[in-house]
Structures are given as C-alpha cells and as structure tokens.
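Order of writing sets the chain letters: A, B, C, D and E. Residues in each chain are counted from 1.
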Amino acid sequence: MSRPAGRLTLILLLAPLLLWLTLLIVIPHAAMLFVSLRERVGVGEYAFGLGNYLTFLAEPLYWNTFVRTAWMSVLATALTLLIGFPVAWHIAKIARGRARQALFLACLAPFWASELVRTYGWMILLRESGVFSAVLQWAGLAEGPVEMLYNDVAIMVGLVYTSMLFMVVPLVTTLDSLDDSLIEAAYDLGASGWTILREIVIPHARPGIASGCIVVFMMSLGNYLTPILLGGKSSLWFTGLIYDQFITRFNWEQGAAFGFLLLGLSSAIVWAGLRLSGQSLRSAMARP
Amino acid sequence: ETLRLLTWGGYAPDDVVAMFEKETGHKVEVTLSNNEEMIAKLRATGGGGFDLAQPSQDRIAGAQAEFGIYKPLDLSRIDAAQFIPSMLEATKRNTTVDGKVYGVPHVWGTSGLVVNTAKAPGVKDYLDLCDPALKGRVSYRLKRPTLIAFAFAMGEDPFAAYADPDAYKAILDKVEKKLVECKANVKTYWSGGDEILNLLRSGEVWAAMAWDTGGWKLNAENPDITFVAPASGALGWIDTFALPKRGRADDAAYAWINFVMRPEIAARITASAGNFTASKGADAFADPALKARFQASFPPEAIDNIKWYPPVPAGLEAMEGAVLDRVKAAQ
Amino acid sequence: MIPGIPQPRALRWLWRAYVAAFFVYLALPLVVVCVFAFNKSQFAALPWNGFTLDWFIGDQRPWLGVFNDRGILEALKISAIVAFWVSAASVSVGVTTAFLFVRHDFRFKQTLYVLMLLPLVIPGIILGISILVETSYLANWLEDATGLWFDGLRPGLTLVVLGQFAFIATFATLVISARLEKFDRSLEEAALNLGATPLGAVRQVTLPYLAPAIVGAALVSMLMSFENFNTTLMLVGSDAPLTIEMFDRMKQGSTPVLNAVSLLLIVASSVLGGVALALRRAR
Amino acid sequence: MTDTPDLEAVRLTRRFQDFTAVDEVSFAAPPGSFFSILGPSGCGKTTLLRMIAGFLEPSSGALRIKGRDMVGVPPNRRPVAMVFQHLALFPMMDVGRNVGFGLRQRRVPSAEIERRVADALERVGLPGFERRRVDQLSGGQKQRVAIARAMVIEPALLLLDEPLGALDLKLREHMKVELKRLQEAFGATFVYITHDQSEALVMSDQVAVMNRGRFEQIGPPQELYYNPRTAFVAGFVGDANRLRGKVLRREGDAVEVADPAGQPLRAAAASAGLAPGDEAELFVRPEAIRVSRQAEDVAGMDNVFACEVRDILFNGANSRINARVAGSAREFDVAAPQTGEFADLRRGERIHIGWNAAAARAFAAEPAEPAEPGKAQAEEGAA
Amino acid sequence: MTDTPDLEAVRLTRRFQDFTAVDEVSFAAPPGSFFSILGPSGCGKTTLLRMIAGFLEPSSGALRIKGRDMVGVPPNRRPVAMVFQHLALFPMMDVGRNVGFGLRQRRVPSAEIERRVADALERVGLPGFERRRVDQLSGGQKQRVAIARAMVIEPALLLLDEPLGALDLKLREHMKVELKRLQEAFGATFVYITHDQSEALVMSDQVAVMNRGRFEQIGPPQELYYNPRTAFVAGFVGDANRLRGKVLRREGDAVEVADPAGQPLRAAAASAGLAPGDEAELFVRPEAIRVSRQAEDVAGMDNVFACEVRDILFNGANSRINARVAGSAREFDVAAPQTGEFADLRRGERIHIGWNAAAARAFAAEPAEPAEPGKAQAEEGAA
C-alpha cells in the first residue's frame, strides 16, 4: 500500500471516531461544566460563579446523599464480589462441559431482560402483598403481612442482583485462564485451600476482580431505577437528586453541578481502584 | 396531522381518541405526565416535541415567564360557548402573561383524603395522617400540593404568603418539621394515580392524600374506601389546555380542544378520569353514581371551603424543592 | 473447592447448595414476573385469583392485554427503531474504529483509546444530561442565529439514538477489535499473494472472518439499546421507548400488562442473547 | 536403604464411566532409579501419574509409596512432588518464593527456608536466582526451577509429566542429559512420563511401555530396543520396517513368512503362539539391513532383495536410503552406512539389501488401529 | 526452458531503522530446483522471503523472477505463490473455495476453476475434498491443501516459510519426504526456509545457510555437511564436537592446534588465513570418531585420547557415548557404533577414542555470540 493511500485510509477511519468522541463525549461534558458554573440570579438571568457547587457544600442533605450513595455502592460492590466469586469459581473451575455452558448461560440470561423488568420482579417478591410475605405467613414465620420493600436492604438486594453479571463474567474469564496445574502444584507442595486462595488464586484473578469491581461500582453509583423503585420513601440516591434538579426543579445549573460531582467521585474511586490493583483502565475495561 | 398530546392519565381515553381520529382524520399520540415533568420536558425541548399540553392552571404563568415554553392561545379558534364561563374567565386570568392568555380550562377536581374508613375511621384532616396509629399505613405525594395542604391544616394560609417569600419560607419550615415527624407513618410516597389506588385496594395503605376521583373509583369497588374532603379544605385544581411554543399541529390541537369540550365527549372523559370538566352541559351526560359520590363528599359548605390554587410566582418552587428534598432525606 | 482434588462429601454438598441457591436467586425475580402475567388480578400481587390470558389478549380496559395496548405497541415499535439505528451506527463505527486501533499507528493513539473507553465509566444519566445540555445550547444558539428550528437537537428519538450510541459504540468496538486482533494477518497476505487486491482481500477474507463478531456486536447493541434506561430517560421526547413507557406506567401504577410485556421481553431477549452467544462460540 | 521399592503399584486400575484409562497396572520402582513410562498420547500415562500424586482415586488396586499404603491420603500429605508438563511455576512469585513454597507450607523457619532454597538453586545450577521473576527465565531455567521447587521438600518420589514437551528441539536434547544428571545428583527416585521414545531410552534405568491403559513391557532401554516382547513395543520403540505376511512354517522360535514380492521372509524370534497360517508382522530396524551394489555382498544373508533406490534422504550421520523392491510396491528404509561409502548413490540405481533372521522379529499381526502410532499414522489423509 | 534462473537476487538488502535484517544477499535458484534457506531464528529468512513475495520493499539490490525485475510490483501482481508458516488457509471457505481463490481473482470461468481445483487436489492426494471444511482436516492434509492452493495458479515460484514448524514430530518426518515428492511432481521451483537443518538436508537440491542477514555458504546438502566453509556452517549443519585452541603450526591446509589436555590436535582442512598463534576452532563429527577398549585400535590415528565414559545415551541406532578425556574437563560426544559392539559399555569404563586429521576442520574462532545456536546455546543458564 502506497503512502498517500495509507494516509487516506487513516483519515477515513479516524473521522468517525473523532466525530463520535468530540460531539458526544468531549463537548457535552464541556457544555455541562459550563452550565454548572452558571448561577441563576433572577428570572432568566444568569452569572458565572461557583454558586452551584457552594450550594452543594452548604446543604448537608446533598452531602449526605453523596456520601451515602458512594458508601452503598462500595458495599454493593463488595457484596457482589463475595457472592459472585464462588459462583464464578464454580463455573470456571468445577463445572465441566455442558453443565458449565448451561450455568454460564443461566448467569447471563437475567441480564438480557431489562433492568426495569428485573427490578419489577423484586418489587413483586418483596412487597407486603408479595411472594415472600405470603411464603413467610404460610410457613408460620410471620403473623401478618411483612413489608420488605422500601428500605436500604431492598436497595442493596436490587443493586447486587443487577450488577451480578458484570462481576461474574470477568471473574470467570480470569479464573478460566488460571492453569489448574498451578493449583495442583500448590496443593501437591502441601498448601491448604486457604493458602491457595490467598497466594495463587487471588493474585491471579486480580485483573478480573478489578474490572468486575469497577464496572459494578459504576453501575451502582449511576443507578437510578433500583433506588427509586425499591427504596421508596428512603430512596435517596445521588442520581435521583440530579434527575430531580433537571426534571422537577428545572434547575439545570444545579443539576449539571451535581452531575460533575458524581463524575468526579466515580473517576476518583475508579482511579483509586485501578491504582490499588495495579491495573490500567485499558486492561480493566477492554475485555468484553 | 399527528397531535402529540402531553397530558394526565385518563384525560384522553381510547374511545375518545378513536372518535376524534375518525371524525377529523388527525392522529393522536398520548404521553402521560405530571406538572413538573410537563414543564421539564418542554423546557428541555424549548417548547417543542408536543402539540398540546395540559398543565394545571397555577403552573403556567411562572414557567412561561422563566422559560417561555408556551405560545399564546388564539381564543378565536376556541369555541368559548362550550365552557363554563366562570371557570374559563378564572383560568384565563391566572394564565395571562404580558397580556396574553396561555391556558383554557379542561378538567377540574380537588385533592383531599382517600380513607379506608374501616381501618382508619378517624382521618378527617391532613394532620390526622400523622396519627401514630397509622404507622406505615399512610401515603401522599412528595410534591408541592402536600406542602400547601399541610400548611392549611396547620392553620396557615400559604396562598396569602405567595407574594412574601419570607413569610412563605416560615410556613414551609413549619410544614417541613411536621412532614419529617410524620415520615414514619408513610409507607411510600406515591407518584402515579393508579399506584395509590393499588396501594389502597390491596390494603397496604389505609389513608392517603390523593385526588378525589381515586376515592370515588375505589368506593365503587369497596364501600369502605372513600374520598373525604378535609376539614381544612380540599385543594381545588384546574388542568388546562396550553400550546407548547413550538407545537406543529395547532389545527389538530384546537380541533381536539373543541372536540373534547363537547358535553357528550366531556362526559366520557369524566367517566374515564373521574373528574368533572369545564364543559358546559356535560353534567347532563355524567354518570349519576359519580354525581352522587361527588355530592356525598362535597356538601355545599365543603365546596365553599375548596382552596383554589392561585398562580405560583416564579422562584417559589426552588424553595419548595429544597424542603421536599430534606423531607425525603430525613430518616 | 479445588478442581480435580477429592473433597469431603459434606463440603461438596454445601458447595452445591450454595451454587443452587445462587441460581435460584438469579431466576426468582424473572420467574415471578412471568408467573404474575397470568394472575386474574388487576394488580401484580398475591392473592392468586386464577389463571387468565387477559394481560396478553384482553381488549377491554382495565383488562387490556399487550396485544391490544396501543401505548405499549407503539413503544415497542419505537424501541425497535431506536435499537436498529443504534446498532447500525455502533457496528459501523465499531468496525472502522477496530481497524483503526488494531491496524494503524498514529499520534495520540493511546489517548484516543482511553477516551474511547471512557463512556464505559461515565454514569448513563450523566451521559444523558451532558448531551441534553450540549444540544439544547447548540439548538438555542443555532435558532437564535438562523431563525430556523432544529428539532433534531431537541429531546426526541434522534438524541436518544445518539445518546445510546455514545456508549454502545464502545462495546461494539471492543467486541469487533477483539476478533480483529485474533485475525492472522497472513490470511490477508495469502489473499494478496494469490492475486487479490487490497480491498478485495479485506472484503473476501477479513470481513467474513469478522462476521460473527459483527453480528454478535449488532445483537448485543440491540439488547443494550432495548434495555437502556438512564441515558434515554434524559433524552426522550414525545416518543417513549418501551423501558420509559413501562417506567411511566410503573409510576402511575399499572395492571399486570407490564408482566405480560416483561415476559415477552424476557423470551425475546433470551433468544437474541442465545444467538449472540452461539455466534461467539462458533468462532 | 532397604529393599522396599520407593513406589509400588499392584493391579492399579482407573475407570472413567465405562472407559478404563488405566488397566491393572503393576510395577515397582526401586529406590534411586529413573523409571520412565512411555506410551502414545491418550494411553493413560497422565491418569496413572495423577493417581500416584493423589489427584485421582484409583478405581481398584493398591498403591504404596515407601511401603506405605496411599489410598485415601490427599495429595498434600503424600511424600511425592510433581513437575508438571507446563511446569506450573507460580507467576505471581519470584524464583525464591516459588522454590520456598513447599517449605513455607511445612512451617519451616524462614532462615532455614532461605538456606535450603539457596542450596536447591545451587544444585540445579542457578545460584543467586532467588529474586528473579519467573517470566525472566529461559525455558531451560524454568525447568530447573521447577525441579528445585519439587526437590527442596525432599520427597521420596519425584513425578514428572512430560516436562520437556514444551521446549524446543535443541533445548530438549540438552535437557535430556541434564535431567538424568540431576536425578543422579539428588539420588531421588524419578517417575517420568513421556511419549517420546528417545527421551525414555536416553534417560531411564527402567522403561515401562504403556498402551491402551496396560503395561506391555517393563525393562531397561536396551532390552526394549533389542528384545521387544510385543508388536506394539517393536513398532513404538525405535524405527523399524514393518512387513506383513502369512506364516508358512515355524521351527522353534524361528518362522518363515510368505512375502508377495518373492522369497519367504525369515525371522529368528517369533512371539509365542504364532502358528502356520496366522497373519504375522515382521519388524526389521533400518540399521540392521546391509546394503550393497553387488548382489554377492549380501548373498549369504537370510533375507535378500534386489531393489531400486527411490529416494536418498541425506541427513548427515542419519541418512536413509528409501529402496523399493524391484517389481513390487514394498519399500524399505535402510540406514546409509556412516562410512560415506554410498555418498554417490543416485536415485533409480539398483542396489541389493539383506538382513539375517536374527535381526528380525515376528509377532501376530494386530488389526490396523487408529490409536497405533508410528509410520502408519503419518500416512493419514490419502483418502 | 531457458537458462534464466526462476529467481535471482543481487545484493538484496533490507534495513529496519538502523538494523540490517538482510545484508547484500545474492543467489539464483535454477528452474525446477528445491532451494532451501537455512538459518537460526532471527537471521532474516522471513524478511528475505517477504521481499521475494512483495510484502516488503528491498532497501537496495535487485530481485528478478524469471528474468523480470520485481521492484515496485505489488504482491498480487507477482508470479509467485506462498505457503505460510501457519498455512493461512481461509477458515471461512471450504477446501474447494480455498484452492480456487487465486483463480477467482484472475476471473477464470467457474467451470474451469472447478476442473483445475479438482485436478490440483488430485495431485496432492486429496481428490474429492472440495466440500470439506478446513477445520475438518488433519495437519498433513492442511499442508497439502495449502500447497494445492498455491500451485493451482501455476506460479513460477513457490515460497514456503517453515511450513512444517507447526506439525508434530512424526508428521514432520513424514511430510519432509512428501514435500520433496510434491515438488518433483509439480516440477516447480520451491524456495523453502527453515531453521531445521535436517529438513534442509533431506529435501533440498541447494541449501543456502544464512546467518545474521548474510549467506555464509550455498551448496548441495552433502557439500555443506562434509565441506563447511565457515565455523558457523560447521556448527549449525549436523552435530559436531567443537574444540578450541591456539594454532601451533600450519602446513598447507593442515594445522596443528594446542590442546590443554595433552598432544596437539590435528586437522587436515583449515580455513584460509588461519595462522600460527590464532585462536582456532576445530569441528569433529561424532560419527567420525572411532572408539575402542584397546588403545592399539586407535593408535595409528592422527588424534587419540584416553577417556572415561561419562554417560551412555542409549537411543537405538543413534546412541551416543559421552566421554571425558582422562584428567581434563574436555568432553566428546562419540557415536556408538551401530554394530552393538559396545552394548555392554558401563559408565566409568576407560575407552580410547581417535580420529584422523581428514575428519576435522579448523576455523578461526569467533568470539562466543548469543546469536550462535547449537550446543553452546543449550548451555545457557549456568549463570
């Protein structure tokens, strides 16, 4: 291929990417930053300033929601990891042949239905007139109807459920690449199960753990539906605040500022996570 | 033409849409919404995306002043004869900005209490919702009507304070405290009309602040449940017709307004939404059972006691929003 | 549990019980949603009032079934249209971008690559509002400047498609790059060596090789588009895709017609997902 | 040291569902010996080794290590160490921590670990390599680290599962010699499995040839090479020309077999039970065949053929002549004498080949089998 | 057929940045010959082949195919076909479409394509394989399909880049012979690259030995084996014992080299320019060394050593004796005579070895290099 032809190809391939990234990622965020720096001073009148960010600092409610969202997302991530890891291990290392395919498929299937449907399912299960309550009463474990919806535990159940796939799949992939003979070698040299987990399996699975955790954390932090639908009256979530600012308060300026804060928070935690696990964004995310 | 209608649940029943489409050849697309979302959507679209919206009459002027999302109505294209004159005048007055009229009335009704009298016999006013006996059995919306209602129930007159932000702020502070106290009683803050019906129907909620029509609907299914006009007065609202600034199907929009204001059509909407309309003479076609329920809930003195919303000045909503957020955040 | 190593029976059973419990946990919500699509009750909750197909075929309110529910059908159509465009755009850009990153070296390649990955770590709602803000300002400015209307820049299907594309294109790129990276360049050289032109080699050898990834990426893009909520919520105009319509109905408080739609969705997406997976296997 | 074998298997059997991977295998590896198990892919070698290491339970039979019964003893309690096919060095640890791994599990004090690790590395020729990362090692170095890691815990038995399989040709040649020397240096018993006959022959004191789950013959390399007891062993160990024909006569151990190309073929050693009329297979090693341009040179031999040179496969000291019997399709591979006397041989030339009955062995012919390796397998494809 | 070589390179050079991968290489492959390029990994073989195929532009020099200058001709316009290392069969096409690919590019009518594909498959021994999927073929079959695909377009030249590298040992042995036969059947010129000396020796008419971008020697296999012209060729082609020492005397082509172990070493053929005082390297092939238990048997030879047996590497016909010169660290690999006369030799026994000056060659010693393969390379690791 001659030089000018090579250049032309490069330009043709580069164009769609640049259009996509500048028009839909870079400029929108710049615009959002710009809007977040505008303060409403009167009807239809605006001035530049940090007012929207100061509002955030001044109002403990916003602060608390921010911290609470971050904290619950971290918790959801940890729970997802703890619950998902043995299952990923089972799929990658213990199940064989067709069972393995089936289990993996079973892991994916719920996520092909939309998040809304999944959450709706949990609402039917958890509500006072729902399935769990009925089962408890039937089993004699409860006297009257039990409300399990509209609390933080319900939110947590939903978050963990909704992100499970994104933890299990990268874990299965990395655990799959762990050579069984490493485990056998360790065992052969006298190691116990815990030692193997600590010294062989976890160090090996670190990239998978990192990418799973990052994705799950992002999904929890940015979730809107689950806290709204399962959390009910206590469903305080930072995305909800952003939505409210945009939709019910018509306050785009404040909403944009909140949006930026959320973006900053997520970037910071992702960055810290990558740092701690010695990964790069590239290695953690580029595994579809 | 396609008429993209931004409205409330029940205001555009299938049969009416079908009749309209058949008669005029226009097609109707319905999007269900509420006041806040209507404004938010129109703000985001710069008044586009929809051809006819139905915000409440008190929410038009402020939004128009701030965002300019509506266009003035061409009153000559509306058949004024089909409207109850007093309602038409009141609505026009409340929706006038810079001398131009932006809304005409359609459906009206009240917010009050819907109570399962067998389980919560004592609920007569909004504050009764905070009775500890009703722990976890109460529901209301986390929206401005609730603030207003509690303010009245606590003996204040928020409407009078509209012009005086400080006074209004003081009232809101009181209400906020009350609502935070009351939070333990709340099962969930409802957001859609059918949602609260389902909660009451299934017995998960015993008493709620809700629209009158819901109470009447349930009453037909279960005589224990009914609408109660609160002692401090029901809140009266009128939902309107308003033209988004960049609607593209004005002909269809005016045709729709004139069509649904025909008494026999209006009666169908009443049957579907449960509320009466500003259509003159529709009463004659209305379901007698519904009328009976209305009269049972609203003895004449209760009708007089209805607090009709005045237009909300721009800016108050920000103040209310902060209160609502804090109530929601309270544990 | 260590593969290939004998374990005590009790531990084995405990382990299996855990795995079984996990899969029950995964399946339960979906099963429940499906089952309640057949409950003869206006409300998706117990008690069980008997079996009905009304939520599929009922034609009278409130017993209005999916197949007669104009709103749902309309939303479904909109979702399909959006999914089609999102997937077409994502796959096209995915292919060009995959070739770019796998085959070419240029300045700022690393930076662009990381930028390309970013949509994966931007919360959907923020992607939505940022595009909303950008396009609104752009539209206002253009309208002020020209006096014309720029409806495409206002919330509506165009923006929904763009918003979803903004992050789904990343997935498509990753799926297609992964396959392209595995492509043995000597296949192309063999084609050249046998007399094919450079474009001919790409068309006859490289693209057929990528086909499973392209189809797979298209299916995954469609699924993602179909179920997207957060980004769409902020960009939707008068035409609501299915998830938004369902969410509105859920807020309004709806009949189990929602369960019926969900059941159909679960079935359809499992089929699509299965196909996508089979394609991935077939490589 | 007593006479108890380090490893003893008695009718060891392992079945997978209805497939018997290891079938009543019995053997004993004496202390300090290099014991190889040689067999084609899929014959059950790994299965056998995994039973010895404890990763698989035998279906039946007994297994004793240093006289102690091993049934039910988990792998981490057996006095054996294993070197895996792909070595299984822990990539997340450096060389020192790899080698010290087994000692750490045994809670050896860390100063002693350090000392013993240094010592083991020294013995495999890698002194001071402790801080190296595993991926900084060459193939041969990795090999030696794997052996050090296994030997540092002083196992009674070292099991090696085709550890040279992943190395390239030259390095493999070199490591063959090296491994044997390490075994002598450590004085431990090595049980080594491979499908490469040259590895087994070069390194081992004893070789067991395994086929379809069974041991066909156990003996020192020379015995297997010069006195194979089955057709399989004759074909699998070393190269051989393979001839088929019906048995005409039998006298003691000697047989005469009909050959379509002319005179009968004579072999001095026939397997028991081979009777006139049976289909027999004869094996003759290429280096056992004499070649000459003059018929007289080979005239006195038991089997002689006039041939035409079909190919000369020049390969230095290992050159071969591919000769086709005149007027027949029968081909022979004949080692070209190292004297260089035939350097000027040309394709199509006539030559005479011959060998004595003593150089040929006859066995009852087995029906051609897909699992059979060797020449026949390479002929696949010509549909 | 004319005398124009099918392929001719003149001072062909390719540089990557400041690294010269192919360095002024000149050669000509006569029509119908099997021409091999043999060299260690990284010596520039692939680079050279890719220049011939047109995937790389030469930095300088000329390249002619059938007398036509090839500079600037893109790969799809060159009359060469290539068989890639991993074959590069198109997995998305069946065998028939793979083989027909080149013809389709040339817009040959489809009936003719069908006929010629069938014909090509027939010639490689795979008649009727058109509808088979590529992944249903065995390694050897794939190999043949790749050759059919390349040959069907009737190229002037077939280029093969280590096509046997991916096959397993037994199949590789078989395909060596097969490839040579196919080349004869097609009558085309094959240019074959490999790092495996035995492949090059067995198959080729001419072999070019390549090292660090340059051709060290071109000639028929026997010539390379018996008359290597450089130390590199002597070491790379075939096994050899390698001895270093200072040159003591030179007489014509013969030299005497000092040996620490005692008497001087004598070689009959020394490279030009090797003068007294230079460091020399002597090469002696293992099969050229005579071994005996009696000193008298080797007494008359030019070089004799009394040794102790260090290892016996039994490997059937290829057995080696590793002998250490008594009182020295010098070791020799000696081919064990095929007569089996030393079958009872034991480790530690004393033997005598000897060889004539005619069997040894001397070259100026090169400084030990990392790129150097052979014995020295395998010794890596002992830090």
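Couple of notes before you dig in:
Everything below uses one rule, namely that contacts are C-beta pairs under 8 Å (C-beta built on N, C-alpha and C of every residue); 3 or more make two chains touch, one makes a residue touch a chain.
Given the structure is predicted, the values throughout are model-derived calculations rather than measurements.
The set of chains touching chain B and also touching chain E is given as C. The chain with its Cα centroid farthest from the Cα centroid of chain D is B. Each chain gets a centre from the mean of its Cα atoms; for chain C and chain D, those two points are 56 Å apart.
Measuring from the averaged C-alpha position of chain B to that of chain C gives a distance of 37 Å. Mean C-alpha positions place chain D and chain E at a centre distance of 27 Å. Annotation for chain D: residues 55, 75 touch two or more other chains.
Each of residues 44, 202 in chain B touches at least two other chains. In chain C, 4-5, 43, 45, 132, 250 are the positions where the chain touches two or more neighbouring chains simultaneously. Those chain pairs judged to touch are A-B, A-C, A-D, B-C, C-D, C-E, D-E.
The part of chain A that touches chain C in the complex is made up of residues 1, 9-10, 12-14, 16-17, 20-21, 24-29, 31-32, 35, 83, 86-87, 89-90, 93-94, 103, 105-110, 112-118, 120-122, 124-125, 127, 129-131, 133-134, 161, 164, 180, 183-184, 187, 193, 196, 214-215, 218, 221-225, 229, 239, 242-243, 246, 252, 255-256, 259, 262-263, 266-267, 270, 281-282, 285-288.
Those residues of chain A whose C-beta lies close enough to touch chain D in the complex are 179, 181-182, 184-192, 195, 199-200, 203-204. Only residues 125-129, 138, 140-141, 144, 169-171, 173-174, 176-177, 180-181, 196, 198, 201-202, 221-222, 225-226, 237-239, 285-287, 311, 313-318, 322, 335, 338, 340, 343, 373-375, 377-383 of chain E touch chain D when the two sit together in their complex.
Interface residues of chain D, counted against chain A in their complex, comprise 53-55, 75-76, 80-82, 84-86, 88, 90-93, 101-102, 105-106, 149-150, 153.
Here chain C touches chain E in the complex through residues 184, 186-187, 189-197, 200, 204-205, 208-209, 211, going by the rule given at the top.
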